[in-house]
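Two complexes follow with chain A in common, the first pairing it with chain B and the second with chain C.
== the complex of A and B ==
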């Protein structure tokens, strides 16, 4: 993405407590004009509460929400220039597709002809057939309902569009299609999107920037690439899926040992003062070695099993109590037998050491 | 073997259904038969058929008054209970508030009271506070029993209602009042409508509560009972038939209106 034009939404120490428990805990965040920012976290991390505060459906306990330099804490949802696409989509079941899309225009007193023209424009942009204008929302497919919900929100012409996991109820294939479609819509409309999801994979596909949330706090903010290759904690590195995480102790300059795996390992630069932490290596950076010297680090283990993941093949290698995960592209498949002794390794530059946070 | 067992089972189901229809609906039908006699007394088989008692009944000013009393009570009860039960149902099934579980239990309790005891209790209470008994006190008595029923009927609709759609409308710029008018009421309409039907029919046919609380006014069920106890004429089955047919007409009419509403909605009056 091109450089951001400026800050559209600024959160300052935003906090929401329920019965003494901070669901959202002193969040500071800047969201830039026109970006697709995704907040990702497991259920119960407070992401929905955060989004509901931004949309005006929950009042913050403390802290400020500042939209284009103006504090909007006390402005209720129906007077905020923002709009939300709900997890359940919340289409109006008694209204047709057209009437759903036009709702906000009707509320503003726009005349029916203009309303209809706008609705049809949006339907065309979202590839909904014109004949759907008079269709009941109960008579269209899940993906189409998704588009109607998006069209309804876009008709409002919001400054910021919020998404509360709108794809979570769909099957995998449709979800994958709609993720890309949503990113294309973002490109077309140039609006600011704030999206929440529990799937970092989904966040990776769509986002300009990602904020990872845990227990009410944003633990890391960065581009998808940064989150993927330089997670700042064990939590973030494990959140993305299969990864090798080895508990380690720092023994010297760029030197590590582990209670779980024999040997001393070479590591990339480690933050000053760190004693214990976790060595993180992504599965695609682990290799099968023919000689111990083929990589900076090596360990010996037994091939436990292999799994075909479409374009890639995943291997599990047991080293003592630990299981290492390796992934190879299909045409680079490792030819081995189960329970065969194997040597695996990685280069120091392909690993990182993170604290236990 | 299996097809034979299936055939026997089907035959039994048919026999059972016919028996049910006969036992449930034949008595009602015999009321109509009893009204078609020209003699003064109730004798089977009927030896003199005629519509004399229908003429007499339809001409009677007293009967007109009784029908009017029943109709007015039923309409007023319907109107009030729809309003109370609509908001009651939202409190029952939609909003989470302190004391909701108590409300849910307390509101249902009157349904399970024996109605004659409830009627007597209300009679004593009306006397204690010095209210003159009339059709208005009967309206109150009916409401005590009918509002809970209608609340339950509408609540069923509220439970199938995604609260997010109200939030979505609000988020799209609607005021609270616009949300109520554009979303909440239209979406709950089927429930409100069937609640209204329930209210009307339960009030129209109610005997025990009316007996204790109407005072000098008389409703149709009260009149039927009084005439059965003393002074039977074939006018009783005539009025009984009118009352039953009236209820059936309203029920079928309501069902048709409902179908039309659904069709219009689907065809998209948006």
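== the complex of A and C ==
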């Protein structure tokens, strides 16, 4: 019945089909008390449908949702101890900031004085000025609306807070600030947060654990570090930022060749029986070599271009039809001219070989 | 400085402006001027006078005015209760049947109001469709409800349904679905979602529908004539009598002006109290 200790939410074979198509396909997942779990996936991967089932706005076709040992499949949204922050925020446009935040308290019949006290507490915690209490929600900025939506959800005092890409409509700078703010709020409130986003970068910043979703299935679950350094498929490895992915064939014990790049490469341990796959090397693990022997593997190419990324500099090196991406810290910048012949390389331990899934 | 020139916009608008001047402003001005002419005159040449207005307040015409205002108000209230569920159904429940239901409400509009009212007359009249059938099939001999105040109200509600229904449908369809879901997620029951979110957010539609039906219903005349016998005399009937039988154009004009003033003041009052932009969340 109940999941292991410390599991707040347990999903068992959770499935949702729309007209024969499985939007969410037999998902098994344990979410732990107090963690910030992020489900990340491209649009159409089923992550919103999954979240809507957890919040009670969509009924599962099959499988179970178990909250602290209790099956909640058939419990409607208004009687679940969970709360959602919507992508559109869904603030009530006819109510003031204060009335928006107090909504769930009013529904429960809490007296106006207590309601107001609680709303002002939350506004202070979220750094909304007290004078905003009487302000129309249509008269405040995007970031402030975001905070009102969060305060409204927190006023409900839910066991789990769900977030449906609430930051996607904001500009880059504000998004970056709010990502961290959200993680701080998570720390302050010690509540379980389940967040969905299409940006693995956003997920990296905030999450304790990440689940990567593709075509209705969770293809990998792990810490941000695990997802970043040991992706289990080409799909996951390409999901974050720039990465070098080379199609390879396994030729022997920890030996690889590629149709795209000349030479034979030394590989990290490879799963048994894998014949064809992809070699994945992150840009910061590639380096410019002065001697071929300076790294386990080396490739000769031409420096095509360089890009300043703030604290780092990115280099593109053309090898035949392929472009390799390298990154160096600014103070370790590579001094080279465009179209210069360069030797690049990496160590076997800094690479992984993943199947084409 | 360049000389004053008529812009392209003004040229484009001129046919409409001309049409409004001739078709709307001129008759209105004529009615207003006529209301200050001596009684029973037929030209604009007389000495201006307030005599017509005095006549109105000294006679029993105010009773007609009260009937019209009262019946219009009742029509609006009844329509709000009838149309809200139907409009809600059209937007949220009926799905692909919505078009069919909409057509059922629109098609009667293609038939003249008088013809439709005479249809109801045949339906309700003694030995007519309803009572005749009851009599021959069950031997029941009931009194007709025709020529009562109730049937007049029924007629008005029937005739003005579309004018309340469609603004309401628009109003309800403008409530963002996620605000409903958010309210529900925050613990609200279906009734609380309606009271706290759906009703206030669909108010603009209700306001527009109410104003539209009220203004139309104040000028209603056919329902009282066809279905109501002489049970009530609406103000529109008094105006018609003044212009036709009584041959007292200035009195009819004064009644018209008075009615316009009262309705205009009510509309302005409502529009001032209800800030449509704020309700729609535009500000």
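Definition applied: the second predicted complex is superposed on the first by the 352 of 357 C-alpha atoms of A that agree within 3 Å, B and C clash if a C-alpha of one lies under 4 Å from a C-alpha of the other, contacts with A are read in each partner's own complex, and residues count from 1 in each chain.
The definition used in the following text is that a contact is a pair of C-beta atoms (placed from the backbone, for glycine too) under 8 Å apart; a residue touches a chain by one contact, two chains touch by 3 or more.
Every value quoted in this text rests on a predicted model; they were computed, and no experiment measured them.
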Based on the superposed arrangement around chain A, label chain B with chain C as either clash or fit. clash
Counting only touches as set out at the top, which of chain B and chain C does A:134 meet: first, second, both, neither? first
Check whether A:94 is in contact with chain B, with chain C, with both or with neither, and answer first, second, both or neither. both
Scan A:177 for contacts with chain B and chain C and give back first, second, both or neither. neither
Applying the document's definition of touch, where does A:114 land relative to chain B and chain C: first, second, both, or neither? neither
Contacts of A:323 with chain B and chain C, given as first, second, both or neither: neither
Tell me the contact category for A:104 with respect to chain B and chain C: first, second, both or neither. both
Once the complexes are superposed, what residues of chain A are shared between the chain B interface and the chain C interface? 55-57, 76-79, 82-84, 86, 88, 90-94, 103-104, 107-108, 136, 152-153, 156
Contacting residues of chain A [partner chain B, same complex]: 55-57, 76-79, 82-84, 86-88, 90-96, 98-99, 103-104, 107-108, 134-136, 152-153, 156
Okay, in this complex, where on chain B does chain A touch? 162, 164-165, 167-175, 178, 182-183, 186-187, 189, 265-266, 268, 270
For chain C, which residues count as touching chain A in their complex? 176, 178-179, 181-189, 192, 196-197, 200-201, 278-283
Of all residues in chain A, which touch chain C in the complex? 55-57, 76-79, 82-84, 86, 88, 90-94, 103-104, 106-108, 136, 138-139, 152-153, 156
